[in-house]
Amino acid sequence: MTLLKPKKVIFFGDSITWHGPDEDGFITLMKNRLKTEGKIDQFELIGAGVSGNKIYDLFFRFQKDILDKQPDVVVIYIGINDVWHKSQSGTGTDANRYLNFYSAMVKILKDRGIEVVLCTPSVIGEKKDFTNPQDGDLNAYGQIVREIALKYNCNLVDLRKEMIKYLQVNNPDNAEKGILTRDRVHMNATGNKFIADQMYPVLFAKQR
Amino acid sequence: MTLLKPKKVIFFGDSITWHGPDEDGFITLMKNRLKTEGKIDQFELIGAGVSGNKIYDLFFRFQKDILDKQPDVVVIYIGINDVWHKSQSGTGTDANRYLNFYSAMVKILKDRGIEVVLCTPSVIGEKKDFTNPQDGDLNAYGQIVREIALKYNCNLVDLRKEMIKYLQVNNPDNAEKGILTRDRVHMNATGNKFIADQMYPVLFAKQR
Amino acid sequence: MTLLKPKKVIFFGDSITWHGPDEDGFITLMKNRLKTEGKIDQFELIGAGVSGNKIYDLFFRFQKDILDKQPDVVVIYIGINDVWHKSQSGTGTDANRYLNFYSAMVKILKDRGIEVVLCTPSVIGEKKDFTNPQDGDLNAYGQIVREIALKYNCNLVDLRKEMIKYLQVNNPDNAEKGILTRDRVHMNATGNKFIADQMYPVLFAKQR
Amino acid sequence: MTLLKPKKVIFFGDSITWHGPDEDGFITLMKNRLKTEGKIDQFELIGAGVSGNKIYDLFFRFQKDILDKQPDVVVIYIGINDVWHKSQSGTGTDANRYLNFYSAMVKILKDRGIEVVLCTPSVIGEKKDFTNPQDGDLNAYGQIVREIALKYNCNLVDLRKEMIKYLQVNNPDNAEKGILTRDRVHMNATGNKFIADQMYPVLFAKQR
């Protein structure tokens, strides 16, 4: 009889991920589903989100919060604050830095044989007619994530693309919040469920 | 025989309009076409663009540059700097101010029986995959212009919509400039031709 | 026997002025002092502050809120949001616009023989070691107000200068709020008293 | 007779430091003075400035550009872009990140026995009446540097303090550039000489 060590999955991100382990957070929902499906022993899901984090904040705590913990899989979900803080406090992240810091971490993880899953930044505002002020910039940063995933051969959870598709159907009144988010950015129960559903298959995906 | 006074049309805007009377500018192109079509005597086309102008700068010089000149038609083309300056210098225009100053001027013109033509703000960046950083915000400000046109019953030149449509076809490499603009914002010869073609029919349009 | 019409004084500004007529607001405090000194019949003090207002918002409502009311004196206290919104939302006001809109209103008032009192923008943060992020910009905008006052021969309430002087003495711990403001910007009871004390003499000052 | 290895000094910073090895740059000037004083064999001065760098860009290239080169001394001169980019592109650095990334690098260097010299960020604009827009913010970031120097026992070159002192005397017309800088930020010949004179003694200072 072989006793398998569970797969250690760390979710690395900002406040959205910080809420992942909440009672109705997306990490908790995935755990619940693993239990229901009798697979909970195969996984250890760990939240490593910090409110307000931008790409370089992840880099700053990368050694301590990721490498030292020797994960099997790292799910990176970052970029909202990198775009949002530009207009909120003048302290967003230049696109080239977003690319460089992001790529550097992915490269280090891949070099160590750690599986990496990338998520495109979700939404700042849920309006479906592409009039959320940061839509263009989020599209650009999402595109950067897709290119990194392609270049480093990572699985991708294209949250931005999927959420926009969802909102086209489920936001008939073109509301700026309340469909998937409670405040334009942070997920409500539906949003957490949405993310959990998008991410869950990745746990079982073949590493690329 | 009746000698008709020519229709006085003032183009009211920012640096794009300021370049309108240039040799290959869109105002000059419209004049040339009027000549070719033998209609030049029916119109007086006047450029009133000032570099860097935002909506409240138009309001500031509204009396002197528009009302005092007693135009028959005013073509308003403003909004690029209102959006652009947000990230360039922290001095863009809040959406509600854009709406309020814009509406106030349109109302005054309509109340005096002056014809008003509105233009949606064109582009900041020509990438066709909706990743120009200000795309969302420009869409929002464009939407405001459409709503003002609807409310006050004005003819609309939907430059933003038409340019995006044009770029989908004519920007195969997803370049950020060089198709209609020389620098992401200001028109090159093709762009000036494009605007002239869009605006020309409005000169003959029935006032709504 | 002559029945004198009271002097109509309008306070024209942002949220700080909007709070002026509050129970402990600076306009109320001046009224109370006028009562105590038996001079209340000589003055009518009117608050015309609107939250979030910048210089061009004053210009926008200038006709309706000031000129139409035919005041004898207008006390202008504006500039905090012009500076603050730069970093808060990317929608502050360029220095040259601050100068131009401000000068235009002062000129119109003076041309009509209306007395104008200018106030320098107070503070965003109360730290006394000149490390409040907007200190330099507020100094610049304050300097613009002083130059307008000089050029148009207006009485000046130099709130910024006087508050900085006060904080040097009364902020031993270099706190960022709580001395004159409750939140770095809006006045607490002490701040309202301070402003009332600074402004009161101007009511009786000889027009320059 | 002992043949001493020269002291390896790396200058770590942004475009100002990038210009340090120019013909009239401050690093070249210090080398020239070392030659004149017959001490050039005792030092190896290395420029490691990159245009546009902010504190986290230094952190990003810290291993490669500093640690791998095994310096004896590191002179850190960073902060202008951290403040400036807030209004230029909305991508400045939050004060707490400036503190954290800065402290982390200083701690690592000190733990390895490497001497660290800190420089306060110089100027953005040379006006001497404290009306340069970023004066308050630069004062705040300068204060952070002073506190790090104190906490980690580092020698400090207080460029900001010394330049302000110099400008009080040598900028009679309150010009915004042309005294020490050529463009409000980057040093002219006088500015490079000024920095060289400020830094030179530190080469011989006792490590604290």
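The chains carry the letters A, B, C and D, assigned in the order they are written, with residues numbered from 1 in each.
In this text, contacts are C-beta pairs under 8 Å (C-beta built on N, C-alpha and C of every residue); 3 or more make two chains touch, one makes a residue touch a chain.
Every value quoted in this text rests on a predicted model; they were computed, and no experiment measured them.
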Legend entry - Remaining touching clusters (ignoring subunit C, no chains moved): one piece
Inset, instruction - Work out the mean Cα position per chain and let me know which chain is farthest from subunit D. - result: B
Inset, instruction - Tell me the angle, as a multiple of 5 degrees, of the rotation that maps subunit A onto subunit D over the C-alpha atoms. - result: 180
Legend entry - Distance between chain centroids, defined by C-alpha means - subunit B, subunit C (Å): 38
Inset, instruction - For subunit B and subunit D, let me know how many angstrom lie between their CA-based centres, rounded off. - result: 47
Legend entry - Numbers and ranges of subunit D residues touching at least 2 other chains: 86-87, 89-90
Inset, instruction - Quick one: which bits of subunit B touch subunit A in the complex? Just the residue numbers, please. - result: 86-87, 90, 125, 129-140, 143
Inset, instruction - Name, in rising order, each residue of subunit D that touches subunit B in their complex. - result: 86-90
Inset, instruction - Can you check the complex and tell me which residues of subunit B touch subunit C? - result: 56-57, 59-60, 85-87, 89-94, 97, 100-101, 104
